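A, B, C and D are the chain letters, set down in written order, and residue numbers restart from 1 in every chain.
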Amino acid sequence: MAEMWINMGPQHPMTHGLWNLRIKVDGETIIDAEPEVGYLHRGIEKLCEGKTYTQIIPIADRLCYGASLSWSHLYCVAVEDLLGLEVLPRAEYIRVAALEMQRIASHLMWLAAYAADLGAMIGFIYSMRDREVFIDLLQALSGSRITYNFPRFGGVAHDIPPNFERDSLRACDYMEKRLKEYEDLYEGSKVFMLRNEGVGLLKKEDAMNLGVTGPSLRASGVRYDLRKDMPYSVYQELDFEPATHKDGDCYARFKVRMDEMYESCKIIRQAVTKMPKGKWRTLAPRNAPEGTGLGRVEDPRGEGVMYVVGDGTDRPYRLKIRSPIFVTVSAAPKMLIGYKIADVVAIMGGLDMCIGESDR
Amino acid sequence: MALRSKDFLKWCDEVLEGILRKSPVGSGIDYVTKDFFNWATRNSLYYLHFGIMCCALEMAVASAPRFDAQRMGVIARSTPRQVDILIVNGPVSKKLKPALRRLYDQMPEPKWVIAMGECAISGGPFYNSYSVVPGVDQFIPVDIYIPGCPARPEALIDAFIKLQKMIKDNKKGLLTGK
Amino acid sequence: MAERGKSTGRPEEGLERAPSRIGEDPEERVIRALLDGFPNTVTDFKKLRKGVLRAKIERRELYKACKLLKDSLGFEHLSMISAVEYDSRFELVYHIVSYQERLLLELVTTTPKDDPSVDSISSIWGGANWQERESYDLMGIKFNNHPKLERILLPKDYVYHPLRKDFKG
Amino acid sequence: MNLFEFCYGIIHWLVDLVNHLWYWLGDHLPWVFGDFFNWAGDLAVSHGNIALFAILAEAVIMFVIALVNVLNFIWIDRKWMGRMFDFYGPYYVGYRIGGWLQNLADGIKLFVKEIITPAKVDKLGFLIAPVILVSSSVLALSTIPFSPRFGVFTSDLDTGVPAGLLIAFAFFAIAPFSILIAGWSSNNKYTLIGGMRSAAQMMSYEIPLLLCVASVFLLSGSFGFLGVVNAQHDIWFVIPLFLGFIVFITCLAAEVEIQPFDLPEAEAELVEGWTTEYGGFRFGLFMMTSYLRGYVGGALATALFLGGWQGPSIIPDEFWFLIKAYLVFLIIEWMRWSNMRIRVDQILNIGWKRLMPLAMLNLLIAAAFKTMGWF
């Protein structure tokens, strides 16, 4: 077969969102790749300049549909840095518990999409079913299923509902049991290992140079987790280990995310049991001072950064969002070239695409 | 006589069309089959596997065990040639607009469009953005609107039921269109 | 694959961080190296909090400074490039991270309004490529020597740079 | 009485009925083609022609039964999938009979959809591919008897077609050809890749499949369904040829494009594979054919390895056959819903480097059994 360009997207089952991957193939082998994003560009950075600081929280929620809580939290971290606001300790623990629930839900969504990509409908079904457990907890906490509008400057919107501690501990127990089952399902499958081992290699140096962050970076052998290395919130008081793997292939990325779910369960347990009594919401000033605020958190997909410039009014002068997926997608050709068309789904699925945050 | 095969085919078409569409034969066939075809159409709705934003996630959840849209015969297919419903589940940016219109055009009749969530209805939180089309009904006819940001899976299933009612209410014969 | 099917929650051997040089504060080292290398162009050094530094640099020395940061100071990761428009200037803020030393450096450079251009650093950090394209797309800043400076988020035929303050809807 | 005799009787009766008319016409209208009427009547009543018509009638009956069967089959498959996935499966459409009407609704809906022929396709190929696929699969299906008294080719074992199995496999193997045509003529890169994959995959899995079948032929000494099934009277071939059975089932999954071997229609990679450009009724035909082929595969496995229609005579032979065929297909479906998709180079590796030697080994085992005189 002659060389040809294939457009995968914007409507393609592989994309899980709205982007376009152009690959040049020779037979079934990829010899060139060129991702194209921007189909979901909503101009959030511009919109935010016209809204007050509080109004932006729901918009920040809609940055990423997979992990919306972590984005509104990131926004709050950035604005708290700008305002110089201390967060109430109880609110910090509630936030951490909710964030880790969100991380598990996001990873389960990734797992569902990944399994469906590789052809295992059963993985999609099981992950989606178990995701509901954590979605229910978050719904009890904040009142909605996907976009929570939960964090506030210096606190959170609501206190935890009754029996939240018991329910989250139960959910963690359930999840750990299910995770073992998943490991049996996937790693016990010869086909899964055939499809993943040695596919989509990303070397440590390349990963660092190309700005890949989060689980994909840790899967390449760099032990860098913002929760551990530049702790925000109360992560330094909790005991956990960032999951790493040294191979840098699809299997490593899978493994790192699976391990992260175990770690998240651990964190939720600690956060829920250690939660101090006290207030959970505070009054934040309406107007931010002149200056800049920086928030850097470990999003489920990588390093999310927000840079807020205040000018003394109640609206931000400029809000810049660093999306981990935007940078990670640009590294995709490095991983894709030389593999088969069928590996595209394994590689791109393993990166956990979320185009909402990438296109902004 | 210069009757070529093409002319012959055309003549056959015309005759058949005359018999089927304009004569009582067509009406009779339609009268007999209308209910049956309508029943089939409304009970087997395939939607396009096409996710835009948050609501796409809820669309996926709707076909997962908890909400289980499949029990009503609602299945996702990946290619626009094989589907009946286009679910627009997110804001349509100006870059996406031509692609979405093309997807709609590729779908075979009869086809329906569900605007899921505020973004698809009116642009939602992004209604005044420079790159978002405020509402998908500006360039595609929409049949069902689902409010919500994001719309919940129950709402999507409700939309399918509403769509079934809608199809049931305007029964049309295949041949005569009556 | 050494340990397949086993949970590896622990950091593995060889992944541990190299120990910092004894008796030397990494922040001090970065400050000194930058000030030594670019005595006239690097100004306004400030330590914001632990592990976060800020410095201003003139745009003609940006590329060299970045090269220095990457090659000899161990800043492996370019986190973010933000472009901010002020009344008389554009400000470009580079957030550069050192994984080894857990440092974050905020490198600020300014360009005048009539000539918004800086040197591209995408040859130093590959991750800068798309971020520079994004800054070009939304803010209209030109990056010299960029391999492919095209619109990325907006359609190719779009004419405005929407994040500029004079762009209204 | 078997199906052939039944049809023969009916056709004979019909021909007699018509012949009365002919002869009456020949008698009363001698000035218009009188000889012709008499000649036609004589021709129609000859044994060979009635047999031909009887076989055609049989084929129609088999076809109708098979189609109903396939509807049932899809329903069972979807329910089975639902049980595995925590679903109900089809439920509301005909909910008094467990959602059985869902597939009927799907089929009718696809029938009334608009039929789109994209502008830049190769018209002839695009139109003819579904026809070839469906007809070859239906032909393969029509060769399979449900029991000695219910089938097309079993009618007259001595004088009829003794190589029914060979014919079934020949028809079964036409499919990749039409898939390749469909993929190429759709003028779409996904369909093209899907068609190519399908061709490569089916060619490479055809050989181990037929080697397994050859081992059965060796043991039974017959090419026909009746011979093969009768040879399993004492012991089903699945026991001596267990290896062959496994290889056969694996190759069958590849032949009917079931996961982990559903590369040609790999949904995540190639949108819908080679059916991407097909919509409406043509897509319905493809969908139906894939299940039809699944049923044919199950039926072939039943006839070759699982003793065909043999079983305790509490229930009729035909139902034994159906039950076994369903079970085989359900096992394949189980594989489908719980497995991942394999890659194209790996599938060829598995086909040539694993299944092929195993099939050879199986043939050797069969030969050894035969030489020992155990069969």
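One rule holds in what follows: a residue touches a chain if its C-beta (ideal position, glycine included) is under 8 Å from a C-beta of that chain, and two chains touch if they have at least 3 such contacts.
Values in this document were obtained by computation on a predicted structure and should not be read as measured data.
Between the contact lists of chain A and chain B, the overlap consists of C, D. Pairwise, the chains sharing the most contacting C-beta pairs are A-C. Among the other chains, the CA centroid farthest from that of chain B is the one of C. Between chain B and chain C, the centres computed from C-alpha atoms are 48 Å apart. For the pair chain C and chain D, the distance between mean C-alpha positions equals 64 Å. Averaged Cα coordinates give chain A a centre that lies 22 Å from the centre of chain C.
Of all residues in chain A, those touching 2 or more other chains are 12-13, 38, 41, 43, 46, 125, 129, 359, listed in ascending order.
Shared contact sites, meaning residues of chain B that touch two or more other chains, fall at 65, 78, 95, 128, 130-131. Looking at chain D, one finds that residues 85-87, 267, 271 touch two or more other chains.
Chain contacts in this assembly follow no simple pattern; the graph is neither a line, a ring, a star nor complete. Under the contact rule defined at the top, the touching pairs of chains are A-B, A-C, A-D, B-C, B-D. The part of chain D that touches chain B in the complex is made up of residues 82, 85-93, 99, 101-102, 104-116, 267, 271-272, 275-280, 283. Residues 36-37, 39-41, 43-44, 65, 68, 70-73, 77-79, 81-82, 84, 106, 108-110, 174 of chain B touch chain D in their complex.
Those residues of chain A lying in contact with chain C across their complex are 36-38, 41, 43, 45-46, 183, 187-188, 193, 197, 206, 208-213, 221-224, 229-230, 241-247, 251, 255, 258-259, 262-263, 292, 294, 296, 303, 305, 307, 309, 317-318, 320, 322, 326-327, 329-331, 359-360. Here chain B touches chain A in the complex through residues 48-54, 56-58, 60-61, 64-66, 78, 80, 90-91, 93, 95-96, 99, 103, 125-126, 128-132, 149-150, 152, going by the rule given at the top.
Residues of chain D that touch chain A in their complex: 84-87, 189-190, 192-193, 196, 259-260, 262-263, 266-271, 337-346.
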